[in-house]
Amino acid sequence: MITFIIRRLITAVFLLLVVSVITFAIFFLIPRLAGQNANELAAQYVGRNPTPAAIQQMVERLGLDQPLPVQYWHFLKGLVAGENYSAGPSVTYCPPPCFGYSFRSQLAVWPQMVSALPVTVSLALGAAILWLLGGVSIGVLSALRRGSIFDRFSMGVALAGVSLPIFFTGLISLELFSYKWPLFPNVQYVNIAVNPLLWARNLVLPWVTLAFLYAALYARLTRAGMLETMNEDYIRTARAKGLRERSVVVKHGLRAALTPILTIFGMDLGLLLGGAILTESTFSLPGLGQFTVLAIQNQDFPEIMGVVMLAAFFIVIANMLVDILYAAIDPRVRIS
Amino acid sequence: MTSMRRRKSLAISAGAAVAAVLLAACGGGATSSTGATSPTGGSTGGSTGGTTGNAVANAGVTGIANPSDHKGGTLTFASSSTPDSLDGGNEYYAWTLNFNRLYETPLLTYKSTTGGAGTQMVPGIATALGQVSPDGLTWTYHIKKGLKYEDGSAVTAGDVKYAVERTYDRGVLANGPSYFPQLLADPTYKGPYKDPNGDLTSITVPDPYTIQFHLVAPFPDFDYVVGAFGQTAPVPKAKDTGAKYELHPMSTGPYMFQSYQVNKQAVLVKNPNWTQNEDTEARQNVDKVILTLNVNADDIDNRLISGDLDVDSAGSGVQAAARAKVLGNPSLLRNSDNGFGNREWFIYLDSKVAPLTNVACRQAIEYAANKTDLQTAYGGPVAGGDIASTLLLPGMGGYSAFDLYNAKSQPTGDTTDAKKALTTCGQPNGFTTGLAYRSDRPKEVAGAQALQQALKAVGINVQLHGYPAGNYYGNFAGAPTFMHKNNIGIAFGGWAPDWPDGYGMMWALTSGNSIVPTGNANIGELNDPAVNKLFKDVANPKLTLDQRSAIYGQIDKLSMQQAVILPEVYAKVLIYRPPTLTNVYIDPAWGMYNYAVLGKSS
Amino acid sequence: MTDPTNPLVMTDSVSLASRLLLQVSDLRVQFATDDGVVKAVDGVSFSLERGRTLGIVGESGSGKSVTSMAIMGLHSGKNTTITGQIRLDGEDLVSASRERVRALRGAKMAMIFQDPLTSLHPYYSVGHQIMEAYRVHNKVTKQVARKRAVDMLGRVGIPNPAVRVDDYPHQFSGGMRQRAMIAMALSCDPGLLIADEPTTALDVTVQAQILDLIVDLQDEFGSAVIIITHDLGVVAEISDQILVMYAGRAVEGGPATGVFGQPGHPYAWGLLGSMPRLDIDRVDRLKPIPGTPPSLINVPSGCPFHPRCGYRDEVGGDRCATEVPLLREIAPAHVAACHLTSDQQRSTWARLSEPVSDLPETKAGSLLASSDPANEVQS
C-alpha cells in the first residue's frame, strides 16, 4: 500500500511537470512562434498609452526578454525552492510552492489561490453530498421501479438536468428564489468561520444548482448500474437465501452498483475542486473557478499556471484516492 | 486606450473561459489595459434599447436625485470585474479613480457638482490650482497645513513627491498614465524601488508645504495631470509596500481601508482624521463602504433592483436583460438616469491605406455610412447614445454641433454625396478595403456588418477582419504596419478622454506626434501640418481657457474635414439607482455617478 | 434404486401424503413479453418424497429451471403468471404471501446454481455470505453464526475452514466455491435442496466430487434433492426419480431404472443417445436430436416434439401434429406422453440400444451442443 502510494505520487509529480510544460508552451511558445515579441506581450500588462520605456520596464520585470528555457527554469525553481521577489521597497521571500507573482497586480499567486480554495471546497463538497444522496437514491428507485411513472418522470427530469447548462439553471434559480420569492436573498459567499448559518444559507442555491446537474447524471448512471447488477447471479443467490428485499437491494445490489459510480465521483470531485467555473461565475462565488476565469481574461500567466497545476494536482490526488478506495471496496482488486 | 469601464458578460466569462485557455496563445483575453476604450460588452444585442416610448426620469442627469444630509448606513458597491488597482498611483479605470476619492486625495480634484462645472479642477490637498511660471515650465502647488493621514501623521509635500516618484517604476505600478515621465525633465529615472538613492530632480520641495514640477515644455493642462488621476495622492514613504500598497493605501479621504481581500471584497470605514472643512469635494455620509468584486453582471442589476446593492461600480449602465426590465417598468424608470458616458464610439479611416489615401474616398465612407444602423448596433438611443458628428463630446470646451457629412440630417446615409465623393476620388465604381473590429464584442460585430451593408450600396466592398480585443491595439488595429500590409483601411474603436477637454479627447487620436508602432490610437494616421501646429499653439501658456477652447474647436473641424474618423455615437448609459441612494448625479467628469458624495437614506 | 410409487400420479392417499415433501400439480408459468405469452412451464405435475432425489432433465428452454425457480418463489416480475399448486409440506406456495415464501426460502428449501463464481457476491467473504444466510432464519449472534459457517465449510470438505472462512470467493477454486454454495444452502438444514446444473461449470474431475458430496450430505441431512441438468450421466448416478421435460411439459417420468432402462419417448431416446455409454463404440456415442427446441410462444400443435421426431410415420396419419399425447403409463409407475404404442416403443428402443446404431438421418448438431443459451427461459 505504501509503495503503491509512493509510486503514484512519483507519477503525479511527473504528470504535473508535463502539465506545466504544456501550459508554459501554450502561453509563451505559441505566440512567439506566431510572431509576437516580448514587447507586445508585455504591453498587455501596462496601462493605456504606455511609453516604450514603460513597456521595457515591464519586459525586464517579468523577465520576458530571457530565453524561454530560462523563464521556465525560474518558474520551476520558485515552485520547488521558493524565490526572492521585490515588488516595492523591500525584498520578500516567497516560500515554496511559489507560483510566482501576478503579471498584472504583482501580488503573490499562491496566497490568492489559498484564499479562494475554501469557497470552492464549500461549494463542491456540499453539492457532492446533495447529488450523491439525491442522484443515487433516485437512480435506485428508478431501477427498482423500471417503467413506472416515477421512473419515467425522474429520468425525464434527469435528462433535462444533464442537458441544461448551469448558467441557465443558476440564473433561473436566482431569479425565482432570490428575487421573485426571496427565500435566499443577497446570495454572496460568507466565510464559514464568520457565520456558519449564513454560509450555509447563501450556498443553498449554488449547491442545489450544481447538484442538479450531477444528480441527474448520477441518477442515470445508478439506474443503469442497478439494472445490470440486479440481474447478476449473486442477487438471485441472495434472494434464494431468503434475504429481505431491502437487504438484497442495498447490501448486495447497491454496493456492487456503487463501485463504478464511486470512481466517477472521485474524478468529478477532483475536477470540481479545481474550480466550478460556471457555478462560481453565475453565483459570484470568489472561488478557484472565478480565479481561473479572471486569470485567463487577464492573460495573467502565473495565475493561469497556478490554477492549472492546482487543478491537475486535485485530479491526480482524487484519482489516487479512488484507486485506494476501490481496493477497499472490491477485494478482487489487489494493490501490490 | 484602456478599458476605463469594463463589463464582462456572463457568456464571455463562462463559455469562453475554457476556449480562452487555448486562445491564450493569441493573447485573446477579454480585457486588457492596452485595449481601447471598451464597450459595455455585456449586452448581447443592441436593438432592445431604443424601442421604448417611456421616458427616463433623469433626476440624476438634470440635477441631484434624492438630496439628503442623512448620516449613517452602509454603502455597497459591486463590480463585475477586478479593479486595475485600488492604489491611486496605479489606477487608470474611470471607476477606480472615481472610487479612489473616497480614501485618497490628490493635489487637485474634480469639482463635485452637477452640470458642466463638474469638469473643473478644484483644490484637493492643495490650497489652490497650480501657479504656472511665465515660461509655462514650472508649476507650483501649496499643500494645506494640518492635513493628516488616517493614523494621525502629517501630510507633507515630500509625500506627494514620493507618490509621483514611485509611479516611475512601471514594472511594479504598471497601470497609471505616463504623463509625468513624458512632461518632466529626467526621463531616465527608474523610481525609488530600483533606485533607492536616486532623486527625481524635476520635482522640488522647497518647504514641507510646497511642491514644484519642472516641465520640459509648456503644458497648459497640467492641472488635469495632477488632478484627474490618483498619482499625486500623498504616500508616506515608510508605509509604501509597493505592489501590496493597494491592500491598504494610507487614507487622506473620508474613508479608510478596514480590509481588502484581492478579487473578493474591500471594506472601508470612516477615517477619524478626515475633516469636511479641508475636503469640500467628498462627503462622509455613511458609516461603511463595501466594494464586492467579480459579481456576475446580471446579478448586479438584479441586486440593484431588489435594493440589496447600491451602486454598480463600473458605472457603465445596466445589462441588456435589466435594460428591458427597467424600460418597461415606470416605477423602475423613476429611479433611472440616462446620461452621457463621457465616451465616443467611432470608426477610424486609415489615411495611409489606398485608396483611402485620398481624402475624398474617406469622405465617401463618411457620407455613405448608415448612422442609425450603427447607433442601433451600439444599443440604440438609450443604451448606445446620440448620433455623433464631431470628435469633441457635447459640453467640452470648443464643441460645436457641426455636421460635415449629414450624419444628423440624413442619418440613414447620404448616398448622393457619397457617390460624388467617390467620383472626386477617381473611384466612381467604388473600391475594396478591409475592416478591423473586435470579434469578441457583439456591438462591434453588429456595427461592422451594418457598415459593410451601407457601403455596399455605393459600391465599396468591405472585407471583415475580426480580432480579439486583448491584442486589438497591440498587434492589429493599433499597429500601422499590420494595417498597411493587410490593406485594412477601416477600424472600429472608441475613446474616453483622460480629462474632459480638447487635448484629452483629441491629441492621441489626431496629433501626428501620437503615432506609434504599437498601441497606436491615431489609427487614421493623421499627420496634418495644420492640426499639428494647432496642438503646438494651444500649449502657449499665455492663452486663456476660452482661447484654447476655440483652438480645440478648430482642430475638431480640421480633423473631421480630413475624415480620418467616422463618429458613431456620443455614448450614453442607462443607470439604475435604488431609491435609498442619496445625493446621486451623473458626474460629467466620469460619465457615471460621483461616488465621493453618495449617501443612504435608510 | 426402484421406487414402487409413481411420482407423476397425484394421490390423495393420507399415508402417501405424510411421506411427501413436495407436490407440484398442474404448474403453469407464463411470461408476458412484447412478442407474446411465453408458456415456459405448461401443466407440469410431480411429487417428491423426503430424502429422495428427483432428476429433471431436458434441453435448455425445456422449462426445468423455470420450474425450480417457481418452487423457490424467485419469479418476481409483474409480467409473470403462475398457476397450479406447489405444496411444500402441505403448504401451497403459489397462493402463499411473498413474505411467507421468503421466510421458507433458505430455511425449508434451498438452491445452488450453475456458476458458483457469479453466484457468490464478489465483495463479501465466503464466511460472511454463509453467516448471512444462517442469520436470516436464525436469531443468533455473529459469533454463533460464524461457528456455524466454519462448521458447514468443514462439512462440505473445505480444508482449514477456520481460516478460509474469511476468504473471498475469488480466492477459492471452482470446486471449492460450489462446496461453499452447498454449505450456504444447507446451513439452515432445509428439507429440500434444488441443485440447478450444479456441476456444469466445473472441471470433470471436480464434478464427481461435488455429486458425491451432494449424495453424502443428503444422507446426512435427510434432505430431498431436485437435481436439474441436461447431463443424463449426472442424474443417472444419483436420482431415484427422473422427469423428462420438453417445451415446458413433462413428456416422460418414472423411476430412474425405468426411464434409463426402457425409455418410452423418442425425445428420451435422443437424450439417452447423447449420453456417453461404455458399451457403444466411441464414434457412435453422440446421436443428436435433429432440429432445435421449439418456440415457447408458438408451441407446435399436437405433440410439441413432432417436428423433430423421426417416428411420426410409425404413428400414422397426422395424429402427431394434431392430437396432444397424454401421459400414459407404459410400465409400472413409468409414464410417457407419446402416440407410439407400448410395443412400438419397446421394439424401437431395443433396436436403438443395439451396439450398432442405425438411427434415422440426423442433422448437424448434437443435443448437448445445441444448448443455445438464447433459448433459456429465465425471468
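A, B and C label the chains in the order they appear, each numbered from 1.
Criterion: a residue touches a chain if its C-beta (ideal position, glycine included) is under 8 Å from a C-beta of that chain, and two chains touch if they have at least 3 such contacts.
Since the structure is predicted, the reported quantities are computational estimates derived from the model, not experimental observations.
Visitor: Based on mean C-alpha positions, I'd like to know which chain lies farthest from subunit C.
Guide: B
Visitor: Please indicate the chain closest to the centre of the assembly, with centres calculated from CA atoms only.
Guide: A
Visitor: Could you please state the distance in Å, as a whole number, between where the Cα atoms of subunit A are centred and where those of subunit B are centred?
Guide: Roughly 37 Å, centre to centre.
Visitor: Between subunit A and subunit C, what is the gap in Å from one C-alpha centre to the other?
Guide: It comes to 56 Å between the two C-alpha centres.
Visitor: If you average the CA atoms of subunit B and of subunit C, how many Å lie between those two points?
Guide: Here subunit B and subunit C have centroids separated by 90 Å.
Visitor: Note which residues of subunit C are touching subunit A in the complex, please.
Guide: The contact residues of subunit C facing subunit A are 72, 74, 76, 102-107, 110-111, 113, 115, 118-123, 125, 129, 132-133, 136-137, 168, 170, 181, 184-185.
Visitor: Residues of subunit A touching subunit C in their complex?
Guide: Going by the criterion above, the answer is residues 232-234, 236-245, 252, 255-256, 329-332.
Visitor: Sort out for me which residues of subunit A touch subunit B in the complex.
Guide: 26-27, 30-31, 34, 36, 39-41, 43-55, 57-58, 60-62, 86-90, 101, 104-107, 112, 115-116, 167, 171, 174-175, 178-179, 182, 185-186, 188-189, 277-278, 281-284, 286, 290-294, 296-299, 304, 308
Visitor: Under the touch definition given earlier, write down the residues of subunit B that touch subunit A in their complex.
Guide: My answer: residues 1-2, 8, 10-11, 13-14, 17-18, 20-22, 24-27, 29-34, 82, 84-85, 92, 169-172, 174-178, 181-182, 187, 190, 192-193, 196, 237, 240-246, 261-265, 292-296, 298-299, 302-303, 305-306, 308, 470-471, 474-475, 508, 516, 518-519, 521.
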